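By letter and in written order, the chains are A, B, C, D and E; residue numbering begins at 1 in each of them.
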Amino acid sequence: MSQFLWLIPGSPMLGALIIALLGGYLKQRHFSILASCAAAVAFLTVLLAWLMGAATSQPLQQTLYTWIGVGNWMPTIGFTLDRLALVMVSVVSSIGLLIHIYSITFMAGDSDQRRYYFFLNLFLAGMLLLILADNLLLLYLGWELVGLCSFALIGFWYRDPLRASAGRKAFITTRIGDLSLALGIFLLFNEFNELSVSVLLANATVQWETGSQMPILAALLILGGAIGKSAQLPLQIWLPDAMAGPSPVSALIHAATMVTAGVYLIARTYPLFELAPQVQWSVAAIGTLTIIYGASAALAQNDIKRVLAYSTISQVGYMFLALGCGANALALLHLTTHAFFKALLFLTAGTMIRTNDNEHNIHNLGKRGNHSSLIRWCFLIGAASLAGFPIITAGFYSKEAILTATWSAPTGPLLWAFAAFGSLLTAVYIFRVYFFVFQGSRSGSPMPPIPAPMTWSLSILALASLVVGFVEFPEGWPGLHLWSDWLRDELGSASHPTLATAYSLQFIACVLPLIGIGVALVLVRREKLGFELPLAAFLRTGWNFDALYQIILIRPYFTLARFFKNVEALLIEGTLQKMTRSGMTVATACRDGLEYGVLNKSITGLLAGLRLGHMRLSATQNGLLSRYALMISAGAVFLLGYWLW
Amino acid sequence: MYEIIFYLTSAIAVLAASAILIAPHPVHAALYLVISLLALALLFFLLGAPLLAALQVMIYAGAIMVLFLFLIMVMNLRPGQNQSAPLASGWKGPAFLALILLLELLWILNRFQITATNNITAIEPKAVGLALFGPYLLVVEVAAVLLLAALVAALYLSRKERS
Amino acid sequence: MNWLLSVLIFLPLSGALMIALTGHNKTIYVRWAALTISTVELSIALGLWWIASPDSDGYLYIVQVPWIPTMGIQFLLGMDGLSLLLVLLTTLLVPIAILVSWRSISHNWSTFAALLLATQAGIIGVFLALDLILFYVFWELMLVPMYFLIGLWGHERRLYAAYKFFLFTVTGSLLMLVAILGLYFIHGEQTGIYTFDYFKLLHTNLSGDTGMWLMLGFFVAFAVKIPLFPIHSWLPDAHTEAPTAGSIILAGLLLKTGAYGLLRFCLPLFPEASIDFAPFAMALGVVGILYGALLALVQEDIKRLIAYSSISHLGFVVFGIYTWNQEGLHGAMLLMLAHGATTSAMFATIGMLEERTGTRLLSCMGGLLSPMPRLGAMLLLFTLSAMGMPGLANFVGEFLVLAGVYQVSASLAIAGAMGIVASAIYLLWMYQRAMLGEQSSDRIWVDLDRREMLILTLLAVTVLWLGLYPAPFLDYLQVPATGIIESNPAIMTGTEDAFR
Amino acid sequence: MIPLSHSLTIAALLFVLGLAIILLRRELLFILMGLEVMFNGVALTAIAAGQYWNNPDGQVLTIFLMVVTAAELAVALILVWLAFEHLKTTQVDMLTRLKDDTKGGAP
Amino acid sequence: MHSADLISLAPFIALILGGLTILALGVWPKPVSTQILTMVAIAFLFLGAVATLFWDAPHEVNGMLVTDNLSRLFTQFFMFGTAVIIILSSGYTPIKNEVREEYLSLLLFSTLGMTLLIASQNLMMAFVGLEILTVPLFALVAWQPARNGAIEGGVKYALLAGFAAAFFLYGTALAYTSAGTIDLTVLGAVTTNAELLAISVTLILVGVGFKLALIPFHMWAPDIYQAAPAPITALFASIAKVAALVFLIRLLCMQLQHIWEALLPLIWMLAVASMVAGNLLALHQQNLKRLLAYSSIAHLGYIFVALAAGNSLGRDAAIYYALTYALMNLGTFAVITAFTRHDQDRQDLEEFRGLGRRHPVLGIAMGVCLLALAGVPPTAGFIAKLIAFGAAIEAGHTILAIIAVLNTALAFYYYLRILNVFYDTNETNLGAAQYSQGTLIIVVTITLLIIAFGIFPEWVLGLI
């Protein structure tokens, strides 16, 4: 099996390559089929891996070649498939395949499908590469590749400058996180002269003491990378804007897969975090804050995709919380369920937006109200799963488990309280959307039928959103505990509270979504009457983070850059002209040259000085014979003077 | 006595030369020049060079001065004609420079103790002739070429029928 | 095969002479002749690459002929892995420059081609010469034709730019000449052997101050060429005003000669002085990285922007060189290649863009991706490479450099890494303004034709190759890098102390 | 007896006077006269030194000096005359057609 | 007179005989064509050059002239240079009809002066040689007096040359005063009154410095370059100047070495002044001939850098530099000669706009010559600078060398300026070059020589 590992990232890569190179010879609709086939091959390979027993065997390995061999710096193009990776590739490849299929009809009308599918395939390849990479540098490659594709796909409709800017914003913001990751890689390499993840982690656990400086630094740097990619506080600002891309893209990249890359990264390097408990705790803290942040911001949004975007931020916060509490397996579980239900929500939202003339506003969507029942049911399932509707939804199982696990972590009750409040808010905001959109007057014209590929992919996702949770029943319940058992060897397990505590926590977790739905009902009624939420404007702008960054970072940066530009322009152009015109004296040139830009000013000053020297000397060549003789005599006087002196 | 004549002649030579410096009229200047040259001839004689004294009188006072005067006549030069004052503005610098040069030269010449004086013994024309046609033979021959070249040059330049 | 080195130099030189003398008013014939010559050069270089084994110690090819024995000057050429790769880059970029100019140069093709080939000969000579005087000869030889390429075919302010370029570089190189002579006489006095032979001069005993001054003499010449921060101001002008082919040669090759000089001469000849100087050089490097990135952000002229980005990238190269460790040196060398390919590709693309839009101003562009998707895609690829996207050329070099720098000083590495982030900012901003958004005018645009696609595809393949499978290149750098590291008497203790 | 330095001083005086004439006078003929004075200063030096060393070389030197002066003067005088003929001036101040164009050239 | 003396004197005799023959042919009752006169002149030059080949061991004639390697090299070179100038003159339209017996004989006499000057062992001989070199030039500058500025140039040159000659002679007289002799071999051995001798050599330096147009004795140079017909300017800029230089080298570096050492600081200062001021003066100059005059001043500065080193390498460097300098200037002025208009030289740089492109051979030649002047390898100019600066560095004059290279860099500016104009695309001015086949051959030959001497400097270095 292991010799086929390369196929997992390789087939979408090949797909992208074929689209790029041979695209000129293909028709628009062939792109979608080609791309879907590439995604399907990847998915089938993963499936094959399951069937061949990858789930139970030792991690699979495949090394293609050494990428950059310099001394100890020996990153390979090599893949490792362990259980963590297996979960991730399964989620990514399956959702990827579904979204490819969904896109066939969704993008059918677009004239630039070549670019779309190129980047979609490339994204899939990058994501799978990131997951399978057996060394940090290859991981970084995948990491950047998905960032790039995200950039390109957010700005897919680039003619709108706002969308193009959103892409750039996403790229640059995540790149700040990437910088941190890169530094982390340098640090680890510098310490261990090794890039392979497994060896690094093994070395780290042996050589570093818990809580010492190095692991803290390393973990912090990696955390920085994860925060950027996963849109956690304070680098979350790019994600809401990223909704400018096509909805399938939002579903795939900005909900199901890429934003969870940070979660994956931390899970992958969790031994480092265990060596740095402080950092681990801050992971949890960041997660908690982000939960509240995202949920509260989502509460006030009127754009359906923005609600989902803030919801994503918030839900990834849960995963971080889980990671911070050491419940890595649970984080992964929530990652999986979230991938399905959030993809489902995005795709239904996308379908609605599509069929309603690009209408994003939930009020207006509700007023139009002509939604097919499939859409309605799918959205309901997704919303329930997101809210963690007890027992029947996948979201309940993953979220409840995280909440329970939180309790026994350091400062657990506090974290739990926040997370639970977030859970309440989640139910409120998502059902607010549901009630707005689907309880409106049904006045519109009858719906056009939804094409088969869309129906299929929505149905599969909806099903998954309900059933995936059953792999892991809550602590103390009868039923399966497959997930945590299976992953325990690789990811460890969190400590659990006592059973009694657990039961009460579980009860609360069951009740909160129900309360939330109730609150949502009330809220929607009152909002329809014109009532505004307190702080709505503040929340709607995502706590004004953009403005804050504008003020404290971006503006000063540009100002500084402009300042330097002006200085240069002033120095080179201005003075040169001025000097050539009036033949300024060398003294002036020197004086001005002492200012900041010694560089160009001194050059122009030099030129002017030389010119002045030329003019002065040239003036002596005035054709007067006596003057010439005088100079000769002066020379003689000078030379003779040397002897007297 | 010898000394008195010597210094007197020297004074004449120098004063006559100074007169050229300020003489307004070219003809006057030329005459001052002759005086200076003749005084110099006397000095040559006093310094034991009778041959050179004679040559000085003949070549300079005789030949060259005639050339000068001839040219002055031909060009009909007069003072004030297109002529700024002899020591026009801007004379101070050059004069100062000349003064410094003079001081430098005097300093140099008096710094070296070559003051010992032999009795004046005339160096006979014969000795000069022997030197000229002995070691300096080649120079004499070459000097002839120089004169020839000057002649050719002068001839060419003074040709009338130029296009 | 050694004689091929001489062929590499003299073939373009004689070709240039032939074309200059006979090619008047025969544009088509001249174009093909120049292309043929440069292609032959490329195949020779590829052949040398093919034959040479990367593991062989020392120099792969050597040519040694006495030239002016009374002064100890020889015709001494040598090719090690580093020069092999740089020659390869040279021979690749010159045909590309010719192809780029195929239509855009409208007048005096014969002179143009002759100058281009002469420049090529000079650059190859610089990369091969191991006799210091010979090196200097080629160093100047490449300047003069380059000057005319800018001064005669450039844009509006070409003369100003050309003078600035020439006077800056020539001042630096003349100071180097003084240093060369100084080294020559010091070595002569010590050993009694008066020679400019690189290998013999390597073992000159230099006392502290003398060594430092001589090293500075060399350093100034190379720093001007690289260009390092305070003396970079010729570069934006030269890049902006040069014709596309000129920009390609300038950015792709001439800047590399400076870095090459540091690697080949500055470090091995003056190890002690270089160690003492390393902190300053690295500081200059990091200032260059950030300063270049900062100024690139606020440029209106797209070529000027790339010029400042070059300053930034070459800062990385200097950075890497003075780390004096495996990762840093390899990174610097590889980045030289990568920057050569990437930046010349960007200049080629921008040249094509300029031919179509008639402007270099970003404010006059916009929305050009939809009418010209191929051009846009290519530009995106090269832009990504320039901003250090993994899998593309620059990434490998920049990351290696940073890994090397990190071992010397973490804070410098952070500063350098900020440069990478900044590069993303200004390059994407550039790309967005030029290619994305609404179309600024409804002219009819023509996408890339076959010739242009050929050019850019060649470069794109190079960029991808360097990014994904640099091993065939890196293998050749092992021996040179090790050589430089071994020349270090203190193995970096000096620098480390200076930083920590 | 006359010390050598006295003769040399007088010679130097003559030399400098000639030089002063050249520097101060504006008329070409005066300048030529100044030249003559300078040459005579040199001649006096040579002869005085010849007396001092008691050999004929000083006088030989002076003879050649006269020859050369004559040759040079002849050509120079003709040139002056040509200037008078063609340029209608013999003033130094007027001979300024050949000079630097101080307007300044290329940037 | 021994037969050995005759062999030694043969080249000089050939020149004198040549001059006389041409004069005789000129006054021959039947008119002799200009071509024949030219050919006779060149034939005598060739004879003279061949005659130098019969010199073997250094031989002194009568204590006046010495025939050694240096004399031979430069005698041959002067013959070559004069031949070049004769060929250039015969193809030079503004004075074409005036190249007759006077012109040619004066050229030959001037050449005689040069050969005498560099071979002289006696200050008197040197002086007379210098005058034979100079006096014909008075007339040659003013050749065809109707030309613009010709008379003015002649007058200025004549008066200033006389002025400088007075200094030279005064120096000679003082040298005589100090030692009682003017024989250089004797003077070199005398140690009494060394300082007075040094001072007298300083005065001689003023006289020679005038010929070399060193700062501050330079002011005549641009005017005369501008006034003279282009071939004569070439003579001024090349062999005439080199003759004075070689005399100085012989005087200082071979015969009065102790004086040379004493004079080093002065030479240092003259070198710096000449380089800096020469380059500055040339910087924005618009008149090409004047510009080249200023550049010549700077070049003499570089040569003095070599002389300031005070070692044998410096001497060799100066000699090599002198030779290549003359060659480069000959080449440059040959091109200017070729580009002449019907009645006047082109002078203003603007008048040359685009000409290099229109005449590729002349354009390339001009490029090579100017780049050689700038010191770009692989031309002779580079090797010259290399050795010159090397000498300075060997002597420890690093500062001087740095000043020199900075000046070299500065000089690039104006050389490139000329080339820019030559190759500019806006051909605003029309009117083709008017050059003879001979001029073209000369231009190509000199260009090739410049490159050849750059690539194989041993050819020349071996002769020194």
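Annotations
In the analysis below, a residue touches a chain if its C-beta (ideal position, glycine included) is under 8 Å from a C-beta of that chain, and two chains touch if they have at least 3 such contacts.
Given the structure is predicted, the values throughout are model-derived calculations rather than measurements.
The chains in contact with chain B and with chain E alike are A, D. Looking at A-D and A-B, the interface holding more C-beta pairs in contact is that of A-D.
The chain with its C-alpha centre at the largest distance from the centre of chain B is A. Ranked by how close its C-alpha mean sits to the mean of all protein C-alpha atoms, the top chain is C. Centroid to centroid, with C-alpha atoms defining each point, chain A and chain C lie 36 Å apart. Note on chain placement: the centre of chain B and the centre of chain D lie 8 Å apart, centres being C-alpha means. A straight line joining the Cα centres of chain C and chain D is 62 Å long. Each chain gets a centre from the mean of its Cα atoms; for chain B and chain C, those two points are 70 Å apart.
For chain D, residues that reach two or more other chains under the stated contact definition are 4, 8, 15, 18-19, 22-26, 31-32, 43, 48, 50, 52, 55, 57-58, 60, 64, 68, 71-73, 75, 79-80, 82, 93, 95, 97-100, 104, 107. In chain A, the positions touching at least two other chains are 611, 614-615, 618, 621, 623, 625-626, 629-630, 633-634, 636, 640, 643.
Among all residues of chain E, those that touch two or more other chains are 124, 128, 131, 135, 138-139, 142, 145-146, 154-156, 159, 163, 177, 195, 199, 222-223, 281, 284-285, 410. Per the touch definition, chain A reaches chain B in the complex via residues 626, 630, 633-634, 636-637, 640-641, 643-644.
Residues 1-10, 12-21, 23-27, 29-30, 32-34, 36-37, 40, 43-44, 47-48, 50-52, 54-60, 62-64, 66-75, 77-82, 84, 89-91, 93-94 of chain D are the ones that touch chain B when the two sit in their complex. Interface residues of chain B facing chain A in the complex, by the touch rule stated above, are 93-94, 97-98, 100-101, 104-105, 107-108. If you check the complex, the residues on chain A that touch chain C are 20, 65-73, 77, 112, 115, 137, 140-141, 143-145, 148, 151-152, 155, 158-161, 164-165, 168, 171-172, 175-176, 178-179, 182-183, 185-187, 189-190, 558, 560-562, 564-565, 568, 572, 598-600, 603. The part of chain E that touches chain A in the complex is made up of residues 155-156, 159-160, 163-164, 167, 195, 198-199, 202-203, 205-206, 209-210, 215-220, 222-223, 265-266, 269, 277, 280-281, 283-285, 410.
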